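One chain, chain A, links the two complexes that follow: it is found with chain B in the first and with chain C in the second.
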Partner chain A sequence: MSDAPVAQSFPGAAAPAAPMAVSSSRWRSDAEFVVIPILAIVASFLLFAVFLLAIGKSPVDFMALVWRGGFGTSFSIQNTLQRSSPLIMTALAVAIPARIGLIIIGGEGALVLGGFVAAVVAIPMTGVVPPMPALLVMAFAAMLTGGIWIGICGFLRYARGVNETIASLLLTYIGIAIMNFFVEGALRDLSDPNKPSTKPIGRDYMVGSIPGTSVHWGFLFGVLLCLGLYLLMSRTTFGFAARVTGGNFRAALAQGLPVGRLIVACCAIAGACAGLAGFFEVAAIQGRANASLAAGYGFTGILVAFLARQNPLMIPPVAIMFGGIVAAGGLIQRRMGLPDATVQVLEGLIFVVLLTSETLYGRFSIFKPKGR
Partner chain B sequence: MSSAIITRRALLKTAAFGAAGASLGLGSLRSARAADLVVGIVYVGARDDFGWNQAHAVAIKALKEVPGVKVSEEENVPETDAVSKSMESMINLDGASLILATSFGYYKPFVLDLAKKYPKVEFRHAAPLWNKATDPMNAGSYFGYLNQAHYVDGVAAGLSTKSNKIGFVAAKPIAIVLSNINSVLLGARSVNPNATVQVIFTGDWSMPVREAEATNALVDAGCDVITCHVDGPKVVIQTAEKRGAKTCGHNANQGPLAPKGFITGAEYKWETIYKGYAADIKSGKPLPNFLAGGFDADYVRNSPFGAGCSPEGQKAALAAIEGLKKGKPIYVGPLKDNKTGKIVIDKTYANDDPFLNNMDYLLQGVVGSTT
Partner chain C sequence: MESPVVIVLEAMLGGAIRVSTPFMFVALGECVTEKSGRVNLGLEGTLVLGAMTAYAISFHTGSPWVGVLAAGVAGSVLGAMHGSICGLPKVNDVAVGIAMMLFGVGVAFFFGKPYIQPVAPRLQSIPLGSWSESPNLRSALEVNPLFFVGIAAAFALAWALRNTRWGLVVRTVGDSAAAARAMGVSVNGVRLMTTTIGGFFAGVGGAFLSLSYPGSWNQGLSSGQGLMAVALVIFARWKPLRCVLAALLFGAAGAIGPSLQAVGVTQGYYFFNAAPYILTLVIMIATSSAKHSAADMPGELSMAK
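What follows is the complex of A and B.
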C-alpha cells in the first residue's frame, strides 16, 4: 500500500509494468525479515533437540508438550495470551527508545513503580469514586510515573551524557527499593502481618477479563498500543524525526531537530508502556502492590523486543510465542521431569541464534530486489 | 473497526465454547481411567534449594511412594497470575484433584479465586490464612509451628556456644520470622541464662550476597553459632562453616553442608500432612480445612545432630522435644521487648495461641531492631 512514494524514487516508475516489478522486489526484500527469523527459530529448536537428546529426553515429546501446553487447547491459548500481555508492553518499553538509538533495559522499574502508584492512588478512591473513572486515573498515574521514570534516563542521556542502558538498569533497583520502602512502611496494610502489601483495591475496582475468555483486557490494550505506536513511529513527523535522530544524531542536530525533546519523549513513551503493564498487574491480577510486582516481566520484555527487531508490529506475535513457551514450561516440567531451567535454556538458545542471524541479512541473493 | 472487534470477540467466544465442550469430553474420558489421585504441587523456588522448597519436595518424594498417588510438580512459579495458570493447567491438563500451593503469596487472590472457579478441586495452602467466615470450603491451610524446632535449636546452641552469642540472619521482620528469632533466644536462655541472639535482617527472602555479608558480620561480632530464616540457608551455613562458626539449619536438612560445625536444624515434616490428605481423599473423608501443629502433631522435626553439637546440648535438645510434644509452652510470661523494655507478653501462652501470630517485637536478650 505504500508503494507509491517508493516507486517514485525509481527511474521509469511511470512505465505501466514498473509498479508490479517494484512491489514484487519490495516483497522479496521484506520476506528476508520474515524468513530469516523463522529459520533462526527452527535452528534454535534443532539445537535444543540436540541438548535434549544429550540428556536422554525425547525432542518429539518436548515439541508435543510445547504445543499442548502453549497452544493446543482453549485453556492453553488463554494461558499463553494472558502471559504475553505484560511482555507486549514491556517490550514496547525497549522498542520505542531503540528507534531513536537508545538501549533502555529498565522497563522492570517503570512497571513496578507504575503498578505501585496505581495501587496507591486507588486507595483514597475506593468506595468514593465509581470504578471506571478510578481505573482511568490509576492507569494515567501509572503511565505518568513510568514515563517520568524512564524519561529521567533519556534526560540524563541528552543533558549529561549518562549511559542510558546503565542508568535505566540501576534505576530499576532504585524503583523496586522505593516500592518496598513504602509497602513495608508507611503504606503497609497492617491487617496482613506476613506479606507486606498496600491495602487491596477491592474486587469492584479490578479490571475484568475479555468476555468469553479468562484473558484480562491488558492483552487487547497491549496489541492496540503496538498498532498505535507503530503508526506513530512510522507514519508521523514525530516518528520520522525520531528515526532520523536514531540514524545519525549529529545529522539530526544539524537539521535543527529538537533532539533532546525527541529523546525524552521516546523514553517517556517507553516508560508509560511499562507503567501501563504495572497498572494491569495491579488492577487485573494482584489487586494490590507488593514485591510480587517485580516478577521479571521488564527483563523478558527486552528479549521480546530484540527478537521483534524493535518493530512494534512484530512484538505481539513474538510475545505470544514467548508466552506460549513459558505457559508450556510448566507442563514440560511436570510431564518430562525436567527442571524449570530447561525452558530458560531454550529461550537463551533462541535469543543467541536470532542475534547471530542478524549477520545473515543482505547475504542471500534470493532476497535482493531484481535488477539491482 | 468496532464491528471487526465484535467479530473477533464472537469468534473467541465460539472458540472458547467449542473447546470447553471438547475438554468436557476429555474430562469424562479422564475420570473413566482416573483411579489414581493426582496431587499438583507448586513451588516458588527450586526444589533443591536446601530450604523451604526442598522441605516440601522431600515430603512429596515420600508421598510418591504411596500407591495410587500421582504427583504433578512445578518449580520456580512466581507469585503472579503465573501460579494461577500453573494450578489451572494441573487441573485441566493433568487431572489434579488436590492442589498444594506452597508459597505465602499464592493464597490471595490466586488460590481463593481458583477455589471458587473449580469447586470440585481441593486447594490447600501452606500458611495459616484460611478463614472459615470468608473463604471457600474447598480451600484450606496447613502449617507447622517451626518456631518450636527453632526453640530446640536454641537449646542445643545454648549448650554448644562458647561466646554465648548466637547470630541470626533473617529475611524480613514479619511475625513468623520474629517468632523464630525469639524462640531461639528463649531456647538458649532456658539452658544458658547468659546467651544472647544477635540478628541482622537482609530485607528479602533470597539475597545470597547480603546473607553472606550478614553471616560474616555476625561472626566478626563474636557470634560462634549462626542460624537463619531465609528461603535458602545454603549460603549462610556454608559461609559460617568456612569461618569456623557452628550452625543451626532452617527449613530442610543442611547437615551435609557443614560437616564440622552443624549442630541441628529446624525442619518441617510436611509428609505427615501430605500423606494424611492422600489417605483422607482415598477413604472418602472430607479434608480438614485447617491444620496447624508442631511437635505435638509431628509437623516439625529437628535435623540429625551434627559434629558441632555438644553431648549436653543433644541431651537437653531431646528433652526439650519431649516437652514440646506434651505441649510445654515456649512463651512463658511476662516477657519484655528489647526496644522499650515494655512487657509485650503479659502471661504464659500456649504454643498455638493466635496471640503469638501477630508478633511485631524482639524480646529482651535479642540484639537488633525490627526497623
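What follows is the complex of A and C.
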C-alpha cells in the first residue's frame, strides 16, 4: 500500500480504452458504459423535476427553457457550442490524468492563470507584432503556464506523495489569488474604474469565429484536441505506458517505465489543455483578463470528464450537453425566477447520481458477453 | 500609542481565535470520518450549506443557537448522503466527495439567495479582555462560545476514541475492515455513522462563519476552508487535540492579511489572503512522503496512499 503513490481504484480508469475487434459480445459489454450513464442522467433529471415540483415550479417549463436556451434556435446552438469549448478543454484536464490514476480537479486554476498570462504577454506586443505570431505566442504562454501549474501537482504526487486532488484545488485558489493580486495592483488598467482588469488585448488580437458561424475557433481546437489526445492515449507507446501505470503502479515500476516522467507529462498535458481554454476565454470572449475568468468552467469540466468516463472521444458530446444547460441558465433565471445557482444544483445532482450509478456495473446480465 | 507590531500581533491573536473556529470544527468532523477509514472531501460543500442554513434559521426564529443546531442537522444530512452512497460497492469516496462539494455549494447558493440582504441575529461573543486597557486586545479577546464548544468537543472526541467501546469500533473499522467484520461489526454502518457525525461538525463550523465571523451570509463566504481542513487532518495525524492546534496555526495564517490591513498595509492584500492555501500546500509537502504512508494513518484510508 505504502509504496504505491498513485495506484487508486478509480471510476473510469478501467473503461475500455481502445476498441479492438468488433464483435457482438464486445458491443454488449461496451453498451454498459453508455447505457448506465444515460440512465443516471435520466434519473437525475427526474429527481430534479421532483425538486422543482417541491418548490412550486414547473419541470416542463424548465425543460422547455433548457431546450430553447441551449439547443432550440441556431443562435442558441452557437451559444452552446461557444460555451462547450472551455468545458471540453477543462474536461480533458481531468480525463488525461485519470488515465494514469490521478484525480485532478484544478482545471479552473490553470484556466484562470493561462488566460491571465495570455493577456499579459499580449499587452507589450500590441501594435508591434502582427496578429498571427502574437496569438501563437499568447496560446503557447497560456499552455505553458497551465502545464506547469498542473505539472506541479503531478510532480508533488510522484516525488512527495502529496494528494493531488487537494493540491490541485489549493493551487486553483492560489492561482485565482495571483491573478487578482496583479489585476487589482500592478497590472490594473486604470482607465476602467468599474471592474479591475488588465488592459484590453486589442481588437487585432481577438480570435475570430469559424466562418459562417458566431462560434469562436476554440470549439474546433477543443474537438481536434480530443481526437489527438485520444490517439495519444490509446495508440502510442506513451499512452500505453501511462495506462499501465494507472492500472498497476507496481507493475509499471517493475517494467522499468519512467513513471515519474509519465505522471508529470500527463499532468502537464492536462494543464496545457485548461490553459488553452483560458487563452480562448481571453482572446475570443473577454478581450482582457479579470475575475470573470473564474466562471466555474473548470468545475463543470470535472463533471463532463466523469460522465464521458474519462474517454476523450466522449468528451465533446457531453460538453455540448452541459454547454447547453449553462447557456440556458440566464433564460431560466429570467423566465422562471429561479436563482442563478439552479444550474449548479442540477449539475451537482447529476454528479452525485452518476457516481452512485458506478455500483450498477456488472449487475445486469444483459450486458454480459454470451457464453461466458 | 501602541507600536504597529503589537497591534498586528494582537490582531493576529484575535484573528487566530476567530478564523480557527470553522477550521477546528471541520477538521474534527473529518478526523472522526477518516478514523473509520473513509475520506469525505465534500465538507467544503457542507460548510457552505451549514452557513446558509444557520443564517436562514437564525433569521426566521430569531435565535442563533437554533440556527447552529439546524446547520448541524443540514450537515448531517449531507454526511449521511455521502456515507450511504459510499457504502455501495465500487463507489469511490474521493470522487463522491468532489460531487458532494459541488452539490452542497449549489444547494446553499440556491436557497441562500433571499438571505443575502436581511440581517439575522448573530451569536454573542464573550468579552474575555475586559480587564485590559488596550482596545485592540479587548477586541482580540471577544471570543465566541463556539470556540470553547469546539475545544471541549476535541477533548471529548480524543477521550472517546481512546477509551470507549465506540472508539475502539471506529478505530478497528478504520485500520482493518476485515478484522471489524470478523468481530461482527457492520463496517458500512460504522462509516455511515462517522460520516454523519463529521457532517454535523462541518455544518456547525459553517454556522460560525455566517453567525459570528465574518458574520453574514454571501456567496463568497467560504473559499476552501472546508478543503484545507481536510488537509489539516493529515497534518494533525488523525488526533483531535492536534486538530485544534493545527486549526489555530491556520487561523493565525488566515489573519495575517486582515491584521496588516488594520495598521494600514494594504499592499499585497490578495497575496496575504492566499497565505493559508500556500501554508496548507507547504505543510502537505513537508508531511507527506513518497516512500511510506503518513504516521498514525488509519490503514483503510484510500487517500494519501
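Before moving on, here are some points about what is shown:
The rule we apply is simple: the second predicted complex is superposed on the first by the 348 of 372 C-alpha atoms of A that agree within 3 Å, B and C clash if a C-alpha of one lies under 4 Å from a C-alpha of the other, contacts with A are read in each partner's own complex, and residues count from 1 in each chain.
Just so we're on the same page, contacts are C-beta pairs under 8 Å (C-beta built on N, C-alpha and C of every residue); 3 or more make two chains touch, one makes a residue touch a chain.
Owing to the predicted nature of the structure, the values given are computational and were not obtained by experimental measurement.
Once chain A of one complex is fitted onto chain A of the other, the partner contacts of A:S292 are limited to chain B, with no touch recorded for chain C. After overlaying the two complexes on the shared chain, residue contacts for A:L349 are found with chain C alone; chain B is out of touch. Of the two partner chains placed by the overlay, neither chain B nor chain C lies in contact with A:A64.
Contacts of A:I103 after superposition: chain C is touched, whereas chain B is not reached.
Contacts of A:L39 after superposition on the shared chain: neither chain B nor chain C is touched. In the overlay built on the shared chain, the residue A:F306 is in contact with chain C alone; chain B does not reach it. Once the two complexes are overlaid on the shared chain, A:A167 sits against chain C while remaining clear of chain B. By the document's definition of touching, of the two partners only chain B reaches A:A327; chain C does not.
In the superposed model, A:L144 makes contact with neither chain B nor chain C. Chain A is touched at more residues by one of its partners, and among chain B and chain C that partner is C. Of the residues of chain A, those at positions 180, 184, 339-340 touch chain B in one of the two structures and chain C in the other.
Chain A contributes residues 1-5, 7-11, 103, 105, 156, 158-163, 165-167, 169-171, 173-174, 177-178, 180-181, 184-185, 299, 302-303, 306, 338-342, 344-349, 351-352, 354-356, 358-359, 361-362 to its touches with chain C in the complex. Put simply, chain C touches chain A in their complex at residues 41, 45, 81, 85, 88-92, 94-96, 98-100, 102-110, 113, 223-224, 227-228, 230-231, 234, 267-271, 273-274, 277-278, 280-281, 284-285, 288-293, 299, 302-305. For chain B in complex with chain A, the residues that touch the partner chain are 9, 12-13, 15-20, 22-23, 46-47, 72-82, 85-86, 88-90, 92-94, 104-105, 108-109, 127, 172, 174-176, 203-204, 357-360.
Only residues 68-69, 73-79, 82-83, 180, 184, 193-196, 210-213, 281, 285-287, 290-292, 295-296, 326-327, 330-331, 333-334, 339-340 of chain A touch chain B when the two sit together in their complex.
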